[in-house]
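So, here come the structures, one by one.
Both of the next two complexes hold chain A, though its partner changes from chain B to chain C.
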Partner chain A sequence: MRRAARRRLAALGRLLLLGSWGLAVAFPMYWLVATSFKPDHEWFAWPPVYWTRTPTLENYRTVWLGEARVYRTQEALSMQKPWLALRHSLTIALLATGLSVALGTLLAYGASRYGLLSERRLFNLLMLRMVPPIVVAAPLTLYYSALHLLDSVTGLVIVYVITTLPYSVWMTKSFVDEIPREVEQAAAILGAGRWRTLWEVTLPLIRSGVVATFMFVLILTWSEYLIALILTKTEVVTLPVQLAKYEGSAEGRVYGRQAALAVGVTIPLIVVGCLIRRHLVRGFSFGMVRR
Partner chain B sequence: MSRRRAPGGLFRWVVLTPFVALLAFIAPVFLLQLYVSLHSWTVYLTTWWDAEFVGFDMFREVLTDPRFGWAILRSLVFAGLSTAGCFVVGFGLALLMAPSFRGHGVFYTLFLLPMLTVPIVIAYTFEMLLYQKGPVNGILSALLGTDVTVMWLADPRIAVLTTVLLEVWNWTPFVFIILLAGLAGLPRELEEAAASLGASRWRIFLEVKLPLLRPVIVLALVLRFLEALGEFPKTWALFQGGPGTATETIPVYLYLTTWHYFHVSKGAAMSYVVMVLVVGLVLLALRVLRRETRALDRMDGGPGGAR
Partner chain C sequence: MARIELRGLRKVYPGGVEAVTGLDLVVEEGEFVVLVGPSGCGKTTTLRMIAGFEEPTAGEVRLDGRVVNDLEPGARNLGMVFQTHALFPHKTVFENIEFGPRMRKVDPATRRRRVREVAARLHIEHLLDKRPAQCSGGEAQRVALARTLVTEPCAFLLDEPLASLDAKLRRELRAEIDRLHQELGRTFLYVTHDQEEAMTLADRIAVMREGRLEQVGTPLEVYADPVNLFVADFFGSPSMNLLPGRVRRTAGGAWFEGPGVALALPPALAGAPEGPATLGVRPEHVRVGGPGAAPLRCRVTLVEPLGRDTLLYLEHGAARPTVAVVDGAAPYRAGDVLAAELAPERLYLFDAAGRRVRPREGVTP
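On to the complex of A and B.
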């Protein structure tokens, strides 16, 4: 009896602790979503409005359809480009991620099966990625302006491919390493060439891994801010940069609008992240932790 | 099991060419950085190829700049505190989540969310939460029964704490999922053997689980610390280094120097110093990680390739 009671108490305690952190996680999320539905006089109200009784779609309409009012200042005009930002963000993220994962898979395969790059060298490259990108940002801008790549989709895609390549290589490599070599050797004995083995034997086996890697890298490129901020001016704009432009506009803080845009930016990431939640460990630990 | 002979010819080239091309493409950036850091160039004065050669003057200026020293110190403190915070919370959650129970999946998914949120979004969300007459102070006031008016965003002494708080909120999931995976991967036999020898649960944790878990812990801490050193979007979006210089970490100061004061040469010299610093830290981390991953590989069915 006593034992059972103790166990129940322990379970209760655990639920309480987990629940309190769950609350700490959920509340900011809730607040963001709630704010996006609040009319403007409730954004700063005191006491704060925890549950709005007058929900409105006004914020979403203004931000995403831009029909509510014509802004005058330059800064505020830039607010009107969420669809452009969405298009650019999608293009850049998909292109960069696709290239990065394709190249990463090839490299991982070469490294895992043929020792094309030694593990040690690969690992060093990976750790160099840990140097914050801002240290090369200034010369990168000069370089790009000389090449006319500044403020262009191509320019951002190239940089993102380079910065995410280590993640792609290591994550796909962890999947390739799990395929027994014997399978490929069998294919080779049956007369399949290197390419055919890769294409018809290995790739189908690691398909779900490649998809997970793709989604993982997509998360990284979608939310990147610093490089996008530095390498774009007026032509190209990504969603995180667009979001930051709501700062300090003529009419001050516009929490509701920010929230409406932020919700739109965040939802795709959460969906993608939840789809690969079991693989996130692998991605973030560069394939070193796998379960 | 021996590795197949490294192939020559087409295969090798197809695999390596794009990689080498990318490296070749990005290499001039480092040369440009060298050039800029040895010249004195401010954007609005001349074009960059007309800049005056000044040798190591810029480096001297950087190394004697107290503001830079403070930025380094601040970054280290920020990274250290936030790593510690992430570790305490993340490890706690992982331990609580290690046994399976009803609702496990819901909590797991919920705990992941902060990591999946765009950093800029996190910054603005917390701005909405933390301003002086905001909901966080509102809730604290209601709970404590007094008027709480903490200036989370405007008080220079608290601002650093706020950035740490954001970082912990943002990246606890990272530590959590890695340690949870590590815990799940521990061989049960040792635990059972220790239990059958009469070891208490506390002792099993300290003397069996913790040593086995060490490589995973070190990995999580090292990666988190290095990432935190480069944190920019949240700190920038919320504080721009302010109030005063309270939250001016290395990335923020670098950004300010180059893009607000347009002192590109000084920024480049500073970048070099930071690069040397971080590469030094990374090399150190590499040594530690190599030793630990070797231990990780030895673990039964353990993760990670030979390294």
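On to the complex of A and C.
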């Protein structure tokens, strides 16, 4: 009886702890969505309005359909291109992530099977990521202006591939390491060449891991702000940069509009996440447990 | 069909560990050779060099006289079966078996026919649609055999294929492998650390230790005529009784003396040099209860009935008890005191370095 009571108490404690943690994590998301449906005067209202009694789609219409009553100059200027930003963000994030994961997988395979990169070199590769982006901002801008890559999709894709490559290599390497070599050797002695073995045996076996890595890198590139801000001007704009533009000089942040855009920024990731959920669960668990 | 020839084969790993030191071995066409030795003796490394997974540091691997050192594994026309099966977990059994012919661009109809034939031969037709994870250990190893068999390799390399199975399955599959070898008449090179497997399967056994070949011979040769202490100790179950001591020569002949044992060496061994030595005798050559020239006064410390035979552990003052095999019906009990004799014509003598002291020919004991 006492044991049962203790167990129930422990369960209750666990529920409380996890519940409050869950609330802390979920509240900003809730606030974002709630704000996106609020009319102007409720954005800053005090006491706060938790859920508006007069929900409106105005924010969405203004942001995504451009039905702006142009009464604030700053807003009018910055609101021009949400769809362009979405297109650019999608192109840049998908291209950069795809390239990064593809290259990363090959490098990881080489490192794991052919000793292409020693553990030390791999670690140095990861060290690249320890440099705060702002530190390299100025030199990068100089390079890019000399190479005519400023304000271009190509330029951002290149910089994202380079900066996320360490993650791609490290993550996929842990998955490749778990595939027994003998499986590949069996393929080799049965007559499969090296590329064929990689394609027919190794890649299908680490598929979940590659998908998990893809998702991880996609989140990084999709939400990157600083480098995108520095390396773009007018031609190219990504969603995080666009998001930060919703600030009027006279009236402060236009929270409702920002929230409406932010919801749009979040949804694609959630959709991708749901599509590959099966792989994510497997990939994230079996890669991480061993290391 | 293939003749496998190893010439001065050597493998040094980065870091200086010498796994194989100058190995010379010929496996004749159609022969079943078992590479046997304790773990870490270099037998698997040797097999992997033949397969092409490891590059020899020195020496040659020849298949039918042709040096294949620089050939990719897939180009050597060998088949390999791994201890871990190494099946492709994401493919069905059918796809696993079909993999080899598909890589070698065999047309689909022929491929299907051959997969079915091989599956029938190994009694795994019912598994064809399953994944390897759904197969038991024995079934998985049959699939692995089938996958190798279907490519019709000129030689089979088997790396401890039965090590991960339980005893009963092991015997079953051992018989199966034996049958396959007889039916196919191909060259088999089989690696194991299990002396019993080696004895039952091999045409010839190659015993390895620390990267070196200790002895090559038929199972009966290595059992009855070991070249050194290591080989003598390795083969046989229960293993050979080894009594440490020294050889002393007197006018009357040579004597062997050690803790709990003192006996005159038979005339064939009378030429043994003086000094530290080890006397060996197989448990089946310890005669219990009989009168003899060199009886040992023993006390039975342990009786292990095995059914047909019984093992007696005899305490006579030596560091380790001497083991004797007696008839299973013999009524011995722990604590019995009895006389035992080491059959003089079946004694093995090893010098201080562990080398066998050969009996002189033509001298009757």
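Side notes on the structure shown:
Rule of thumb we're sticking to: the second predicted complex is superposed on the first by the 257 of 291 C-alpha atoms of A that agree within 3 Å, B and C clash if a C-alpha of one lies under 4 Å from a C-alpha of the other, contacts with A are read in each partner's own complex, and residues count from 1 in each chain.
Throughout what follows, contacts are C-beta pairs under 8 Å (C-beta built on N, C-alpha and C of every residue); 3 or more make two chains touch, one makes a residue touch a chain.
What you are looking at is a predicted structure, and each value in this text was computed from that prediction instead of being measured.
Annotation for the three-chain superposition on chain A: chain B and chain C fit side by side.
Between the Cα centres of chain B and chain C, as seen from that of chain A, there is an angle of 80°, stated in steps of 10. In the superposed model, A:V183 makes contact with chain C only, not with chain B. Comparing chain B with chain C, more residues of chain A are touched by B. Legend: residue contacts after superposition of the two complexes on their common chain; A:T54 is shown touching neither chain B nor chain C. Looking at the shared chain after the overlay, A:S208 reaches neither chain B nor chain C.
By the touch criterion defined above, A:S20 lies against neither chain B nor chain C after alignment on the C-alpha atoms of chain A. In the superposed pair of complexes, A:I134 makes contact with chain B only, with no contact to chain C. Of the two partner chains placed by the overlay, only chain C lies in contact with A:R196; chain B stays clear of it. Once chain A of one complex is fitted onto chain A of the other, the partner contacts of A:T154 are absent, as it touches neither chain B nor chain C. After superposing the two complexes on chain A, the shortest C-alpha to C-alpha distance between chain B and chain C comes to 6 Å. Taken together, the two complexes place no residue of chain A in contact with both chain B and chain C. Contacts from chain C toward chain A in the complex involve residues 51-53, 72-74, 76, 78-80, 82, 84, 86-90, 99-100, 103-104, 147, 151.
For chain A in complex with chain C, the touching residues are 180, 182-183, 185-193, 196, 200-201, 204-205. The touching residues of chain B, counted against chain A in their complex, run 1, 3-7, 11-12, 14-16, 18-19, 22, 25-26, 28-30, 32-33, 36, 48, 89, 92-93, 96-97, 101, 103, 107-122, 124-126, 128-129, 131, 133-135, 138, 169, 174, 177-178, 180-182, 184-185, 216, 219-220, 223, 226-227, 229-230, 232-233, 236-237, 250-251, 254-255, 258-259, 264, 267-268, 271-272, 274-275, 278-279, 282, 285-286, 290, 293, 296, 303-307. For chain A in complex with chain B, the residues that touch the partner chain are 11, 14-15, 17-18, 21-22, 24-29, 31-32, 35, 43-44, 46-48, 50, 103, 106-107, 109-110, 112-116, 119-120, 123-124, 127-128, 130-140, 142-143, 158, 161-162, 165, 173-174, 177, 181, 194-195, 219, 222-223, 225-226, 230, 239-240, 243-244, 246-247, 255, 258-259, 262, 265-266, 269-270, 272-274, 277, 280-281, 284-291.
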